[in-house]
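Chain IDs A, B, C and D follow the sequence of writing; residue 1 opens each chain.
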Amino acid sequence: MTDILRTEELKIYYGQNEAVKGVDLTFTENSVTALIGPSGCGKSTFLRALNRMNDEIPGSRMTGNIWIDGKNINAPDTDVTVLRQNIGMVWQRPNPFYKSIYANIAFGPKYHGVRNKAELDNIVEDSLRKAALWDEVKDRLHTSALSLSGGQQQRLCIARALSVQPKILLLDEPASALDPVSTAKIEETILQLKEQLCIVIVTHNMQQAARISGHTAYFYMGRLVEYDKTEKIFTNPSDPMTQEYISGRFG
Amino acid sequence: MKFGKSAVLALTLAFSVSLAACGNNNNSSSGSSSSNNASGSANTASSAPASAESTLSGSIIASGSTALQPLVDQAAKKFSETNSDVSIQVQGGGSGTGLTQVSEGQVQIGNSDVFAEEKIDDAAKAAELKDHQVAVVAMAAVVNKEVGVTNLTKQQLVDIFTGKVTNWKDVGGKDQGIVIINRPSSSGTRATFEKYALGQKTEDLKGSIQEDSSGTVKKLVNETPGAIGYLAFSYIDDTVQSVQYDGVDPTADNVTSGKYPVWAYEHMYTKGDPDAATQAFLDYMVSDEVQNGDVVELGYIPVSKMTVTRDKDGNVTNK
Amino acid sequence: MSAKLKDRIATFVIIAFSALIIALLVGMLGYILVKGISHIDWHFLTAEPETIKAGGGIGPELFNSVYLLILTLIITIPLGIGAGIYMAEYAKEGRITVSIRLVVEVLSSFPSIVVGLFGLLVLVNTFNFGFSVLSGALVLTIFNMPLMVRVTEQAFRNVPREQKEAGLAMGLSRWKIITSILLPVALPAIITGTILAAGRIFGEAAALLFTAGLTTPKLDFTDWNPTSLHSPINPLRPAETLSVHIWKVNSEGLSPDAAEIAAGSSAVLVLMVLIFNLLARWAGRLLYRKFTSIK
Amino acid sequence: MKANHETPPFMKANQETPLLFRKHRAEEWIGRIYTTFCVALLIVIIVSIVYFVASKGVSTFAVNGVSLSGFLFGQNWQPDSDKFGALPFIFGSFVTSLLAAVIASPLSVCAALFMTEITPNWGKKVLQPVVELLAGIPSVVYGFIGLSVLVPFLRSVFPGQGIGVAAGSIVLSIMILPTITSIATDALASLPRNLKEASYGLGATRWQTISGVVIPTVLPSILTGVVLGMARAFGEALAVQMVIGNAPHIPSSLFESASTLTSVITLNMSNTVMGSVQNNALWSMALILLLMTFVFVLVVRLLERRTKI
């Protein structure tokens, strides 16, 4: 397994407040890494740093290095639009565009230069299949994406993220707003996608982290407390704080 | 009035860019025609001669007096029928605006109810304008029909408009308070009425009503008990009572014969000597066709019928 | 007086005042319609006005109002939406943004007569556009732009933030996000706001007295050459709009049926405003449904 | 330590098509420049309005030598005898807009209470559209109705000719009613529910709740609406001019003819020649209107600041 993404001494500030206090983490290809920790521990902020989405928040600042593909993306000359094409992202609440299902998926590829209709059709089908949504929507591709159920919308968002063929997929609590059935489907999708992608997922759900991730990182108060194989973290964590959190004593 | 040139320039730039930005047909065409317009004077004979009977061409803009506008408008339409290469635009805007625009060279003809010298402070500017008198408008005092007065002497009118008399019974009418419906101080109608009916300027009385428009004056005189105002002949109808002036009936015949003095010229000013097309139109305005037709129809008095003339200081001479 | 009695009295007063407002509107609409509607027929709507004879119509005035409105919207919409987008998407919170917001607020509260005078001085005289459709449209733009800016800014701010994030995360340029993702969502609100603003433009008179003028040349509806004086679409001809016509007929009208014409024109004007209002509600609802959900 | 693997194919593809990227970059700049231009245009407009109106308005004093205090406090408006006292007009503007606010405010607040506190459902369905329609009626129509209905009515009931300050104020009050109502309604609707519930919970009647809790809380917002309404009344021209009578004097009764800044400008502007003293004096009045707009906006800002705290 090759490393694809690595952070060094990553610190993120919101104004005077230091939200992430120096995190070193490495992510490999074809893996799922879960970021866990109590609310406000900095895990979502860390995740958003990986595709520089924190740039959009006024007053935020970042120091340290993020190496992707041999390049430090925390450098002023980084073209964030190129970066973000290579890193997909899905949020807690599904946010499909107010367009048809087809247009949601085709939008990114079109923008990035795919003009051929057959090719677009292919990408749409392929992305929807990867997100395990194709069979449910193939007969109504041109209806509004908002007519889908919440779980379907979330998988549509995953499909949309996949449509531009990213190498890394960032998931910010993707199932926390969904019912158990939809959650199961999302998890299934994630496990399938693992074969092709590096996935980083923020989750509050311990069982979910245990079910889908290979590695788990526990964040607390902006610090990375412990990082290890998921199995190890959930059975025999080396840090007592991690132990307390996963056994549900706080958080 | 001069503004910083750079400011004007910047503004021009801003507006023209904004027009270009929306890039629509109407605006792009407006750009081209505005430059036509901006050339100011009439655009003579640039196109091929179209009609055989007319050698005149050009575009004329006349603006100003709203009282004169219907007449000029109507005459312009007829003039254009025989001179198809001359386009005439008639705009309102008021005497002051007409004089401003003709004096600044923005229009070819400025219509005015009053002599330019009375409006323009700068004597040199006023002297540049050439007067063309095209009609006479006469006016009469009108009263509410209930007050019971049909004749007022000059002195009685002065007493009323200066506030010395405040009840109709003092001038031979009913026992009723007088309500004055006057014009604003800048009004040409008021200037004429004060000059030739009262013979003096009057101050605005407290509580008097001022309306610039004849229609409103008529409406208010009709509705308001005890009201007195003054209207051009063309506005007078049976909803109000017109009043004899020193025993003389306010009729067109009495005006032309010089018996009834409350009248003024309608002026069409040009800046210096007009070009051929404008001159032809001004000639047409005083032709018999217009004077005996449109002028009478619209309730003015033909300037050609006048047996007396008057200069800007009010000196009357027999023709 | 007991608290209960006070409560009763207060409730009664509130209801009575509210009823009074409704009665006012009904009374005014009723008055205008009763007086005016009998005068409205096809001839009235299409014929030219008469100076001294009875039986004149408001055809050119109606056309002028609509034409001026269209021209104004063509100028205002791109500019207003542009500035609104700047406020919603580009402006960083700071002194400059605060002062721009102040500019918008002040501009939208300028008395229309002052803006009209500015138009007279700068557009009509200095730029020599004359009393014209163009001068009128530019002055109306000054009124309408702040409204459009507000409407647009509000509409963009009401688009869920997640939409923008989704676009950003896909590596779209900001402009692409604005035009392809946010604008379609904001559009129903913008259109509703625009139509309501259009109603206001339609009724504006004070500013147009000094800019679009009090006259209309004879219009030849077969001549569509925009440089010809008698062409209805010539932007440099003077154009008396319907609301200016009401003012003029009311004050200067020589024709015997001036009062009826004023009433009829008022009725037409009020009906147009009513239509604008209904259209705005209807279009807003329809577009919202169309853009957001189930067919 | 650097990651060592091949550059992903998609990234290569992007690097191979710089044209598309240049297009996207250009698009970004065009958008930024275009929107900035639109905002700049707003600023150009406001600066030029202020500049042009001010330069004409000031020339009355700077060029024609009319004394500023004589203009602001002089009671004699006789342009023919070079007396340019504008106090009657300034007074008229303030009195009519204040009176309009005094008449409209209680009505508006009641309408807002009706829509939010008494019958929200029915109120929203009937009163809301009514208020919106009132806002949409053009001012010339208000003037027309004022002259045709209100003036004869006032004439038959009160002393005087019907025309005058009262007629002007009433017409204006109906015109500003929607402004105050909609702002008051918004403020009332955004009031936290628990505030009222606490009062009802203590056994207070509706009126006690409204007068004791609701109104004091939203007072700054209501005042904002009143000020905005006054600003509109202050600048309204045609409707007022048609019914106020236009005598250039400070009236001694509500039913006496008076003038406002806007009415005197409307009446005289087109009759006077640009550059003449009288014309400049009218521009000075326009300048006052302009400055008052700034004052009104400032007051609204101050009130809004109080609302936030």
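Here is the rule we use: contacts are C-beta pairs under 8 Å (C-beta built on N, C-alpha and C of every residue); 3 or more make two chains touch, one makes a residue touch a chain.
Bear in mind the structure is a predicted one, so any value in this text is a computation, not a measurement.
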{"item": "Given chain A and chain D, the chains that contact each of them", "value": "C"}
{"item": "Centre-most chain, if every chain is reduced to its averaged C-alpha atoms", "value": "C"}
{"item": "Chain pair with the higher count of C-beta pairs in contact (C-D, A-C)", "value": "C-D"}
{"item": "Per Cα centroids, the chain farthest from chain C", "value": "A"}
{"item": "Rounded Å distance, chain A centre to chain B centre (Cα mean)", "value": "78"}
{"item": "Whole-Å gap between the CA centroids of chain A and chain C", "value": "48"}
{"item": "Averaged-CA centre spacing for the pair chain D and chain C, given as whole angstrom", "value": "16"}
{"item": "Mean-CA-position distance for chain C and chain B (Å)", "value": "33"}
{"item": "Touching two or more other chains - residue numbers and ranges from chain D", "value": "24, 37, 41, 45, 48, 52, 56, 147, 242, 269-270, 274"}
{"item": "Contacts with two or more other chains, residues of chain C listed in rising order", "value": "78-79, 120, 122, 125, 173, 176, 250-251"}
{"item": "Shared-contact residues (touching 2 or more other chains) in chain B", "value": "3, 11, 18, 21, 66, 92-93, 97, 100, 104, 211-212, 216"}
{"item": "Contact footprint of chain C on chain D as seen in their complex", "value": "24-25, 27-28, 30-32, 34-39, 41-43, 45-46, 48-49, 52-53, 56, 106-107, 110-111, 113-115, 118, 123, 126-127, 129-134, 136-141, 143-145, 147-149, 174, 177, 181, 204-208, 210-211, 228, 231-232, 234-238, 242, 262, 265-266, 269-270, 274, 283, 286, 289-290, 293-294, 296-297, 300-301"}
{"item": "Of all residues in chain B, those that touch chain C in their complex", "value": "3, 8, 11-12, 15, 18-19, 21-22, 24-27, 29-30, 32-34, 36-38, 40, 59, 61, 63, 66, 69-70, 73-74, 77, 87, 89-93, 97, 100-101, 104, 106-107, 211-216, 234-235, 237, 297-299"}
{"item": "Touch list for chain D against partner chain B, complex", "value": "37, 41, 44-45, 48, 51-52, 55-56, 59, 77-81, 147, 151-152, 155, 160-163, 242, 245-249, 251-252, 256-257, 259, 264, 267-279"}
{"item": "Touching residues on chain B, where the partner in the complex is chain D", "value": "1, 3, 7, 10-11, 14, 17-18, 21, 66, 92-97, 99-100, 103-104, 119-122, 179, 184-188, 201, 203-212, 216, 219-220, 223-224, 227"}
{"item": "Complex interface listing, chain C residues touching chain D", "value": "3-4, 6-7, 9-11, 13-15, 17-18, 20-22, 24-25, 28-29, 31-32, 78-83, 85-87, 89-91, 100, 102-107, 109-115, 117-118, 120-122, 125, 142, 145-146, 149, 173-176, 178-179, 196, 199-200, 202-206, 209-210, 243-244, 246-247, 250-251, 262-263, 266, 269-270, 273-274, 276-277"}
